[in-house]
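The structure that follows is given in the form of structure tokens.
By written order: A, B, C and D. Residues from 1 in each chain.
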Amino acid sequence: MIETTLDTVCRIGKVAFKNPVVMASGTFGFGKEYGKLYDLSKLGGISGKGVTLHPRPGNPGIRVYETPSGMLNSVGLENPGIRAFLDEECAFWERLDTVRIVNLGGGTVQDYVEGARLIDEDSTVREREGRQAVDMIELNISCPNVKAGGMAYGIKTSVAREVVREVRAATSLPLMVKLSPNAEDIADMAQMCEEEGAEAVSLINTLSGMKIDVRRRRSVFDNLYAGLSGPAVKPVALRMVHQVCKRVGIPVVGMGGISCAEDIIEFIMAGAEAVQVGTYNFVNWQAGAELAAGVERFMAEEGIRSLDEIRGIL
Amino acid sequence: MIETTLDTVCRIGKVAFKNPVVMASGTFGFGKEYGKLYDLSKLGGISGKGVTLHPRPGNPGIRVYETPSGMLNSVGLENPGIRAFLDEECAFWERLDTVRIVNLGGGTVQDYVEGARLIDEDSTVREREGRQAVDMIELNISCPNVKAGGMAYGIKTSVAREVVREVRAATSLPLMVKLSPNAEDIADMAQMCEEEGAEAVSLINTLSGMKIDVRRRRSVFDNLYAGLSGPAVKPVALRMVHQVCKRVGIPVVGMGGISCAEDIIEFIMAGAEAVQVGTYNFVNWQAGAELAAGVERFMAEEGIRSLDEIRGIL
Amino acid sequence: MATIISNRRVAEGIYVMHAKGRFEAKAGQFFMVRGWENYPLLSRPLSVYDQDEQGVKFLYKVAGEGTERLARMKAGDEVTLLGPLGNGFPAVHGRTALVGGGIGIAPLYYTARQLEQADLYLGFSAEVYEEHEFRSLRHPVEIDLGGIVLDRVDFDAYDTIFVCGPEPMLRAAQMKSAMSSGRANVYVSLENRMACGIGACLVCSVGCENGRKKACSDGPVFRAEEVVLA
Amino acid sequence: MATIISNRRVAEGIYVMHAKGRFEAKAGQFFMVRGWENYPLLSRPLSVYDQDEQGVKFLYKVAGEGTERLARMKAGDEVTLLGPLGNGFPAVHGRTALVGGGIGIAPLYYTARQLEQADLYLGFSAEVYEEHEFRSLRHPVEIDLGGIVLDRVDFDAYDTIFVCGPEPMLRAAQMKSAMSSGRANVYVSLENRMACGIGACLVCSVGCENGRKKACSDGPVFRAEEVVLA
């Protein structure tokens, strides 16, 4: 049997993903809902809905608008806060047989740091008790920087460095930094993360976009701009992942518009260690399981036994 | 008759466009081909295929690849050179009743400047003879900068400033600078153009993107990356146009993914003086004429008599 | 994948699709529907109009690209259905009124079919449709064409009132409820834009008295006083 | 918009579409075809397979999303056609061979129909289709299944040879032409990816001995020695 010898394992430091398919933050809740539809242990991992130190109601108004082969979202980090996440959702995570990633958002550096510390402390306790629930932190630096007039940390490398450095110091959990495609120079940003000791980077978050309701003569979104995701952005995402992979030595988790197994292979050939799948969950609720199977099918067809054979060949 | 009182005129300095619909560079040749299919005087203007001082063969290999609601192109500025353009194509332009824009590319600052000078000189001669063919230069700064290791001028404001300044000095024709969405900070870039005396900016050029042929394990394009255009990019383009309009006082010509009259209205509400239409020409060969009519229809429906009533209301 | 049994036009731009499958949908629940692969991107939420041994029915209005595609589909074609989703209408007690505006009548038919007593108020702006079907349920049916159907409903005469329709109608129902004696439990069915439909993405989130709820998995039916409509 | 008269499957994944309209297409020309609005984005180039008083015919192979959609269309549906485009085959003289590989046979039928004399060589990899139609033209027809059809053609026996098929076949034809006596004028029909189809965008550009040409408006038929195949 060819299938039994396929090696789809991906690694970030000591964390092993059974396959490259990780569900992207914000599109998969904390996994419970999709977990009722299929077996989450088929997934390489899950990145949970972004959490922040304090609970957030998210943005008012319309939060989603479909665009050609894409969607704009303006959820605005609605979340119950880290404590509620740890107290209420983590018990579910303890029982999951897949890599569990907390996606950490913030507003001030202090919020980020305190959030990371809470997660870290909780993790220490659970680990001691043999019921670990979190394998990694994904630091989302696309959040608005209150001090820098609301401009996101994710835009300027110099501004982001502080938050990465401080969060790195605040936790011993593996740290993956999630980069924004709106960054001035995403490869620079990735290099900074490597310098500051991150175990990995993930990209891309959503592209800043706009939609105007021409009859009402105003933005569809109360927040003016919103985040573009889905197949429309894939060519841009793949290019950025390739650029970042050429720049850094740490593992890169690629995402943006993935909607079939070949898309995943493209990201891996561009150098990604693993991928994340977001919007496609809305197109196909079985996305995770089907894509994981699709990667194996592709490997079997092409006689690829380990993803290492094709990773970064471009 | 409501129609007769509709004012669709757009202005850049002394140049008046009869309507906001300008055909985008590289998608419309020099107008001859589409001119056989419909009356080009229905258009606000035409931006010709990008020309460079010396003839260029363009890129080898596959030059187009369709993506979800978009396309990647890697034409690579194939063109007959400015002299051939002036000698062979311009006679056709003399007879056009629409704004004629030369799209100027380059490699070194010297090439850009010499190109601008040639166009300017030719224009002086023709004007004297009452057979003007060029109304404006659109300076495409997305071309690779030979000195800066092939990185496009369009990325860093400091690098672009020199070429804008020199070209500005080399011609008295109205100058519009075409900005790249790959710029580190597109609003900064626009502001620089205003400071350097450009009459207008146009945006966006194509977004850098990538497509990998997973069976052949190589990029589809010999040139590795290619330029993404079409409806997929519209949300990003609109956001950038809005950002730039907030920053500068000179007219902004918006483009990226326009495929219906409402799209044009969105760009104008975001602050654009006029728009350009590229990829949609391939979807609908009558795009120009239909969109121009569509804008009037929208205005009539909404009781808008002049585009000034809605321009920049966001 | 569910095979389409029939898909017929019942009025200008209004269709009824019957899709095969064994579902156990409750009144007021909905499905995420798609009749295409990857374009358009998102599935379209449609309420359960009716359910029988063969499958489920949707009453829908052509509103844009997605519903247009659905309208072009024929018997034998396949649609993808995720559902039934949401909580549907709660159990009722006492005298009940079901009030629908336009395509908002869709979830009321199956609801009415399961109730012993219900007064139906159906409002239409241009053309009346499915009147015969609603009348065949043998509940009193009041039809309003071109007016404001809510004006016909005496909120103090009912214990339970369900309202489905465009947002202005739901706001009017909130107002009317607030100004009534308060005897009736008034419920509204929301039609927020959705992506996942199952509670995972928060794009359908709605402000409620006790914080935010998800229109898809906590709703789409809410107590009228509970939700904050924009 | 052109109404589809018929659209029938003639072999596994191979269809013939007949679309209404008065065209004056020449043999070897093509149309930009779309049977949808904005998605997929680009139109698909298809050669003229045949032309009659009612309209134009295309012989096409399902290769991806666009041709799949075309294949699903039915009589009465509408397609959008831009064309006829390109220059088609030049006027011929003397003994002529028409060589087609796979779906590359499409432009040869209408060509053969207009020629007094022509030897047809049709190569297929898995299944032979449209054999009856080609034989009904009363020209000699050689069919090759699973082999290399070009091997059957003696280049020195002809004055004009037209070759249509996948790129490796065109390269082989170039080679064979170069190694022959050179008596025959050998032409190849290119299938470069296209966007505008009319010569305005340069995405179909092909390297030629005297600089670059456009496959759409300067071609799609070129002299074999003239083009540089990648």
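One rule holds for everything that comes next: contacts are C-beta pairs under 8 Å (C-beta built on N, C-alpha and C of every residue); 3 or more make two chains touch, one makes a residue touch a chain.
Small disclaimer: the values here were computed from a predicted structure and weren't measured.
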Shortest path length from chain A to chain C (each step joins two touching chains): 1
Neighbouring chains common to chain A and chain B, by label: C, D
Most widely separated chain from chain B, with each centre as the mean of CA atoms: C
Centre-of-Cα separation between chain C and chain B, whole angstrom: 47
Whole-Å gap between the CA centroids of chain B and chain D: 35
Inter-chain centre distance, chain C versus chain D - centres from mean C-alpha coordinates, in Å: 53
Where chain D touches two or more other chains at once, by residue number: 38-39
Junction residues of chain A, two or more chains touched: 68-70, 230-231
Residues of chain B that touch chain C when the two form their complex: 68-69
Footprint of chain B on chain D - complex, ascending: 34, 38-43, 82, 193-205, 207, 211-212, 217, 230
Residue ranges of chain A in contact with chain C within the complex: 26-29, 33-34, 37, 49, 57-58, 60-66, 68-71, 73, 75, 78, 230-231, 259, 279, 281-283, 285
Chain B partner contacts - residues on chain C that touch it in the complex: 38-39
In the complex with chain B, residue positions of chain A that touch it: 67-70, 72, 184-185, 207-212, 214-215, 217-219, 225-226, 228, 230-236, 238-239, 242, 257, 262, 265-266, 269-270, 298, 302, 310, 313-314
